[in-house]
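Below is one structure. I have some questions about it.
Chains: A, B, C, D, E, F and G, in written order; residue numbering restarts at 1 for each.
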Amino acid sequence: MIGIVLKITLVLLAIAMLGFIYRLVKGPTTPDRIVALDAMGVILVSITAVLSMILGTSNFLDVILLIGILAFIGTVAYAKFLEKGEIIEYDRDQ
Amino acid sequence: MAFQILLNVFLAFLWMFLQVSFSARTFIIGYLLGLLVMFCMRRFFIHRFYIHRVWAVTYLFFLFLIELIKANIDVLKLVLSPKLTMRPGIFAMETELKSDWEVTLLSNLITLTPGTLVIDVSDDNKTLYIHAIDIGEVSEAIDSIKNSFEKAIMEVSRG
Amino acid sequence: MINLPVLPILIPLIAAIVLLFVSKSVLAQRVVSVIASASTVVSALILMAKVKSDGIQTVDMGSWPAPFGITLVSDMLSILLVLTASIITLCVVLYSFRSIGNGRERFYYYPIVQFLLLGVNGSFTTGDIFNLFVFFEIMLMSSYVLIVIGSTKIQLRESIKYILVNVISSAIFVIAVGFLYSVTGSLNMAHISARISEISTEPIITVLAVLFLIVFGLKGAIFPLYFWLPGSYAAPPAPILALFGSLLTKVGIYAILRTYTLFFYHDQPFTHDLMSLLALLTIVAGVIGALAYRDVKQILIYNIIIAVGVLLFGIATMTEESIAGTLFYLIHDMIVKAALFLLGGIIIYIAGTSNLTKMGGLIRQYPALGWTFLLASFALAGIPPLSGFTGKLLIVRAGFSEGEYVGSIVVLLSSLAVLYSVVNLFMEAFWKTPETPLPDVKKQTGSLFIPAAVLVLLSVLYGVGTEAVYPYVMQAVDTLIHPEIYIDAVLKE
Amino acid sequence: MEILMCIVAGLLFAAAVYLMLSKSLLRIIVGTGLLSHGTHLMLLTMGGLKTGAAPVLGEHAASYTDPVPQALILTAIVISFGVTALFLVIAYRAYQELGTDNMDQLKGTEADD
Amino acid sequence: MKTNDVIFQTVAKVVFFMIIFFAVHLFFAGHYYPGGGFVGGLLTSGAIVLLMLAFDMKTVKQGFSVDFKWLISLGLLFSAGTAAGSLIFNVPFFTHAYDYFQLPLFGKTSLHTAMLFDLGVYLVVIGVTMTIIQTIGESE
Amino acid sequence: MSLLHWAILAPFIMASFVPFVRKKAAAIHTGWFVLILPVVLFVSFLQYLPVTMNNGSIMQTAAWIPSLGIDFTAYVDGLSLLFVLLITGIGALVVLYSIYYLSKTKESLQHFYVYLLMFMGAMLGVVLSDNVITLYMFWELTSISSFLLIAYWFDRDRSRYGALKSMLITVFGGLMMLGGFLILSIMGDTFSIRELAAQAPELNNHPLFLLAMILILLGAFTKSAQFPFYIWLPDAMEAPTPVSAYLHSATMVKAGIYLVARFSPIFAFSGYWFWIVGAVGLFTMVWASFNAIKQTDLKGILAFSTVSQLGLIMSLLGAGSAALHFDSLDDNLYTAAVIAAVFHLINHATFKGSLFMVTGIIDHETGTRDIRRLGGLMSLMPITFTLSVIGAFSMAGLPPFNGFLSKEMFLLSMVQLAELNLFNLETWGLLFPVLAWIGSVFTFIYSMIIVFKVFGGKFQPEKLEKKPHEAPVGMLISPIVLAALVIIFGLFPNLLSYSLIQPAAAAIVPSIIPNGSQLDVHISFWHGFTTELMMTIGVVVIGMILYKFLPKWIGMYDYFPGRVTLNKLYNASLYTAERGSHSLTKSYMTGFIRSYLVYIFAFFIAILGFTIWVKDAFRFDSSNTASIGFYEVGLLIALLIATATILMAKSRLTSIISLGAVGYSVSLFFVIFRAPDLALTQLVIETVSTALFLLCFYHLPKLSRHEEKRRFQIGNAVIAAGVGLIVALIGISAHSTKLFPSINEYYIENTHTKAGGENMVNVILVDFRGFDTLFEISVLSVAALGIYGLIKLRLEKGGEQNENE
Amino acid sequence: MTVISDVFIAFLLLIGAFFSLVAAFGVIRFPDVYTRNHAASKSATLGVMCILLATFLYFLVEDGFFSSRLLLGIAFFFITAPVAGHLISRAAYNSGVKMWDKSVRDDLKDKK
């Protein structure tokens, strides 16, 4: 049973992913894209989790956390890029 | 509070030495034992016993979880409604919380709950600017936040 | 000392690390560089003696047996090239003291040169095809940095092209290794060779041969793949150019030589004829370029391409004699190119320009420089008894005996073009009356001149003392012509 | 699947080449990125796909996927990362010094060398 | 533009430790589970970058007064040194050694020279990534 | 190393002392020091005369590169001894002459004598080497020393021009000759000329024989300035006159003659040899003598006359090859041609040497060599005049000088050729004597010009820079000696016949001389009224008439279009080569990286496509492939969409994000294909790369589309598609031909047991293939250092030219 | 036991997938970046947390494998998701992205 549910989940997630891709491509503004990207990262985590269940291996659980971390850093970086143009300021007080 | 935890850990280690057993299991047993002892002796401490705070945190967590689910149902409604009937907007909210920790926690909770999303914080950390998906009655929204979250957080931090 | 073959790789690595630690002091960097380069040379010499007496030396990295771990294989070919490269690097390092400038010295010039040497020596030594890729990459990465260090406009502009081309070639290299792995299931070169000889009729092997030719050809700058080279090489200052000109393209040639004698010798009517054709086109293209420019750097750079063509022709002919000639010529070309670029650097330094039409009359103030340059030019053109002769002789002779008449004559004529281009350069720079009279003050060039002169001397000795080098080269040729020797030494079967 | 992956790698190569032939430096660098993706996929495919469990012995599986291409790809990934980083910085410096990212304007002429 | 990043900064502090722990975990797990020096190192630098994003380079620099280039050299030294150690024992270059030890607190543990090598990799990767990012960040 | 070797090397050793002597003993003319050597050599080589007169030979071998069969073998026989004596003898006279010709204060004598000695040694090496490779080595050395000597006054444009020209042409010939030698060595499996000659009959039938012959003749013809390669010689006259006298008339140019003579035993059986050598020689003789007349520079006339005389000797050697087709000496009139060649060789050296020296004197004393400005010097410079009369009359073939004798013999040989019925000569044979006669007429005319335009006519002091007077005694010694020889050899030719000519001729045609017997080389002054004498008389009569009316017909030369001369051809071809390659190079070395990539990719597609097609290498085998899951397809679609987005992207952020998306898709593939380590690494790397993109591209401009032409875009697309196709095809084929088990089994078995790990990929990375990893992190380190240096180090601000400081 | 856990896991999975889908719909349908952000930062987070929980349980039940990393992951999302949402919105606001034209109020513009 779980197997079928997993497949269904995967399909649903894929549809969700497509939705975000649509937003990513469509825009219209850059923040829209970042939102989509952030959400995609999250969906990616879900997909990986589901995949690791399908593949029946626990080796990808690290990947899950990693994606989460990276998606966060990435989103933050994009947001800062958008807001300030540069990601890392040398001295904030200036 | 830090002192209390340290003491607890120390007690656990003491237990391990007494037992001459250095496994995690012994440590946990020692820790729980210490906790029990400290609970009995809680009057001797200046601050409130820290297990109380643990309870506060747990409460906050569940409160939040419920709010989260509610929020999602709201969004769901909006998404699935054939027409976009919402009235979004940004409102400002004064908060009594002071420290960075508290403000952060509050805004995180706000962001994760029904139709609200913190956009900015004023420089003095006093005002939160919140985007609401359906703004309705502003004061009502503020009240609900103040009543639920702010209180719960204060319980955690000030208690 | 069973780890002897590692030393020419390890010493530069350790040196580079030490140099990173002492990067604050220019003096310390110089001292360490010289010591390290010299000890690399010494270790190479010891290793060469060992290879001469005991045959091919192999080390299985990490004690993992041959086809599974990475094996370093020092056969005579590799150690000869390692030795040459190390000597050249030593000279270039010495030359750099006065020429490279304080800025670059402080910004890791010396460690990167050591990394470059490490990459080059590693490429010559490794017996693993993917490890070869890794060494290529470290060599290329060092060269990227060297080509751009200093960030002058022209350097930036040209390095983009250089990197782009090499990125492409690296990508093709990786997939080629992948294909090879798919077909043969191994990465160890000896193992691959043994396996390919079992399935030599498979057409896919021929395709892979061509693919590898493209990969290494991009590095070695053969005919339709060399276009990036002249512009890119013109960008960095002379010592770096000398390293590039004498080492980098030669690594590509080495790789072609190695793969085409070890893996892809089964379909010679196709692959080697193709290579022969490309070789001749390369020569022609190089000649055209060498005649086209009135610029010291460009003329010398196009001469690299001519040499590549000649070497490739030698490989394509693929007889014992031609391979011997190729080796002679390869080592000669490395030494003499380095010398010429260093001398060219001095000329540019004195004249303040690399444009030939704007210089002249240098012979009166710098006679030693002039004559050394002329000597090196003759060596380059293969005038006996200087170093280029033996190699060319054997290549041409092998070409004739294999019926490659046109090719052999083209190779011969290329000498004429080489001679014309460099002698013309000499006459313009040294003999021609300059448009503006030279300043009376003579620039100090002693410390620049000596390393270059040492290389020229080396080239002369190499030419006159061919007999002394001969047994070494023939031992290398033996391994190349009979891949079984290599396979047996590596797989120890 | 392998056949399909070969085609996908080919498509990535094609896209990469197309980008590298364009004039904008950024597109060229993006092209190199695509190129390395294609390379890695191709390399992975060459090892054979999905023939067993992930190459970690803790899995106790009957067969494992070929670990060799994976190790090679790992090396290749890291190296191409280094190259990409350097390339990017060079592009950035080139823009700073030369004021353009148009490859046509970066061609260099005889006059200035 | 000046913004009040109090939320971000507070969270970053927490998350930083989480990432670092995860990175170290990946590094140690490398020999047995997916992970290793590369990922560990990259993730560690990721954590540092997160701090840089939340605060600024100056603050982070004050926090870690490490010259990352020095870290590169150190890492290379570790790796090359581990590999070259075999020279002393006159076994082929790069021969690793390992054994199982009974350690207090950890129990039966295998100590592997490959781990030292991987530590070198870890350091180099941190050094490299941070050098690059820092250099670019400071370039203006 | 025998004495002979030291004799060859002696000039080089001496040369290395010259700068030292010049510095230490500046007061004494360096020439005196140098003079010792040729004299000593000349005398010591005279000792070999008895050996060679008995047709003996001496061979001494020293090892140089024995492994390749290249040895330093010195071989003395009649031919080489003749040349050795010429080289050292004339060399001594030239050095003596140069002592007076070159001022010790103004000229850089150290260079001059170093070059000269180098040349002398090289020339000795050429004529004494038995090994073709050493011969070639010395041969090139003569070209180089000639180059240096011609460019002695390197400030002059003409000197440099002439030097380069002579070097290009002679080195070209040398290289071709080397090719010929190599073919010979392949045919005969030896580098030794003697051993090759021993196998001459077998070699004759070899298919490569003709090619070898032509290549070697190219060497000889270029060196000996035969048509059409003679053009370098007139320009070589920019060298100081002693050099012209020595190199460009007496010795170096004769190296070609030597080569032809030396290789006659190998090649002369062939009819081609006869035709090529004979015809080229004869034509050169006529052409050059005809052209000599229009020259206005005295040395120019001499240069052309040298060319012409060399042609004469060459044609004689060609004619002599006919001799090899007759078995006995008795029948053999044709050896006379060989003898004539050798004799004329000696004669030419004497009279032309003296003429050059005379020219040098005139130049030295009047400051010009232009015959239009000279005239009436007869009374001012009587000795010089006498010398020039002797030289010129000998050259014109007038009795009683030696030139008369050899010219007679030449005409005789040519007449005899007309009667030969070998080599399809029947109809064309008549051309030989006719051309020879015409050439002789022109020779007569220019000889007269040399004498009478300079010494006769009106003295025009206003046209001269100096006030002319007789030359110093020292300067006259050498020409006097030579002129004396001209007369002596003319009167007593048999002084030479048995000592020098016979051994030399015997060396050229050894195969027809039975053991113990000797060539008959008796040269007599008077043969009676033979055809050749009639021809000589005809030459004199017609020549006198033509010379008399020279101004009337000299205008004829103007009808020859100046634009199609060989010189113009040479210049034009060099110019075309340079300009042509420049514009050609410009056309493809555009600096556009796009064009370079197009070339590279086009080659990639073409050559691999061709290979796949020709070799039928495409394989398709889907039997051992994995199944395709639906989520994989979904992922593929995502990947392709992201890729397509990059291609379409209009903003830089979009492309970077899409690139990231591709990267993440790839890491998901890694997940699906069970590569957790890869997935981890790819994810992190992708993120860091994206961060770097953002960091750097903050500074880059907006992604302008840089409007690309439609044509380019389509081209790009085609190339891109081609590359993708080829990669995919090879990939499929490679995958379909998995013929061996992979080495991976070993890792699976041993990861735990021997390496003590469980994660195979990681164990491979740090242990099995840790060596890769060590250098992989080195690559990263270098990149980081490079980036650091790239941003922190800014040389540009300190000035554009920072090189070397 | 396994059946119950299976059902529970399946339920969590489906819920998670459903919320992800909701997030996607929201992101597509909502009119401006701020509202879209609501959908993304709430529903998607909840979705992933459900799925991770399911995964955690799955491995716990199937393999008896207690994956601390999954729990850590859940916590991590919990902490970071709102921050990310906050930062994006702020960035959008500060970079001048207009709100939906039917928005009723904007206190933030008075801030400065």
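FYI, a contact is a pair of C-beta atoms (placed from the backbone, for glycine too) under 8 Å apart; a residue touches a chain by one contact, two chains touch by 3 or more.
Note that the structure is a prediction, hence the values are computed from the model and not measured.
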Subunit C to subunit G, fewest steps along touching chains: 2
Most central chain, Cα average position: C
Longest centre-to-centre distance from subunit C, chain (CA-based): B
Interface with more contacting C-beta pairs, comparing A-F to A-E: A-F
Centroid distance [mean C-alpha coordinates] between subunit G and subunit B, Å: 18
For subunit C paired with subunit F, centre-to-centre distance based on mean C-alpha positions, whole Å: 27
Subunit E and subunit G, separation of their C-alpha mean positions in angstrom: 31
Shared interface positions of subunit E, touching two or more other chains: 1-3, 7-8, 11, 15, 22, 26, 32-35, 38-39, 43, 46, 49, 69, 72, 76, 80, 93-94, 96, 128, 132-133, 135-138
Residues of subunit F whose C-beta touches two or more other chains: 591, 593, 597, 672, 674, 676-677, 679-681, 684-685, 687-688, 691-692, 695-696, 727, 731, 734-735, 738, 742-743, 747, 758-759, 761, 765, 767-774, 776-788, 790-792, 796
Residues within subunit A bordering two or more other chains: 17-18, 30, 52, 55, 57, 59-60, 62-63, 65-66, 69-70, 72-73, 76-78, 80, 83, 86-88
Pairs of chains, among all present, that meet the touch criterion: A-D, A-E, A-F, A-G, B-E, B-G, C-D, C-E, C-F, D-E, D-F, E-F, E-G
Residue ranges of subunit D in contact with subunit F within the complex: 1-4, 6-30, 33-34, 37-38, 40-42, 44-58, 64-68, 70-71, 73-75, 77-79, 81-86, 88-93, 95-97, 100-104, 106-109
Subunit D partner contacts - residues on subunit A that touch it in the complex: 55, 57, 59
Subunit B - residues contacting subunit E, complex: 22, 100-101, 103-104, 107-108, 118, 120-123, 125
Touching residues (chain side subunit G, partner subunit B) in the complex: 19, 22, 25-26, 29-32, 34-35, 37-39, 41-43, 45-46, 79, 81-83, 85-86, 89-90, 93, 99-100, 102-108, 110-111
Subunit A to subunit G touching residues, read off their complex: 1-2, 5-6, 8-9, 12-13, 15-20, 22-23, 29-32, 34-36, 38-39, 42-43, 45-46, 49-50, 52-53, 56, 58, 61-62, 64-65, 68-69, 71-72, 75-76, 78-80, 82-83
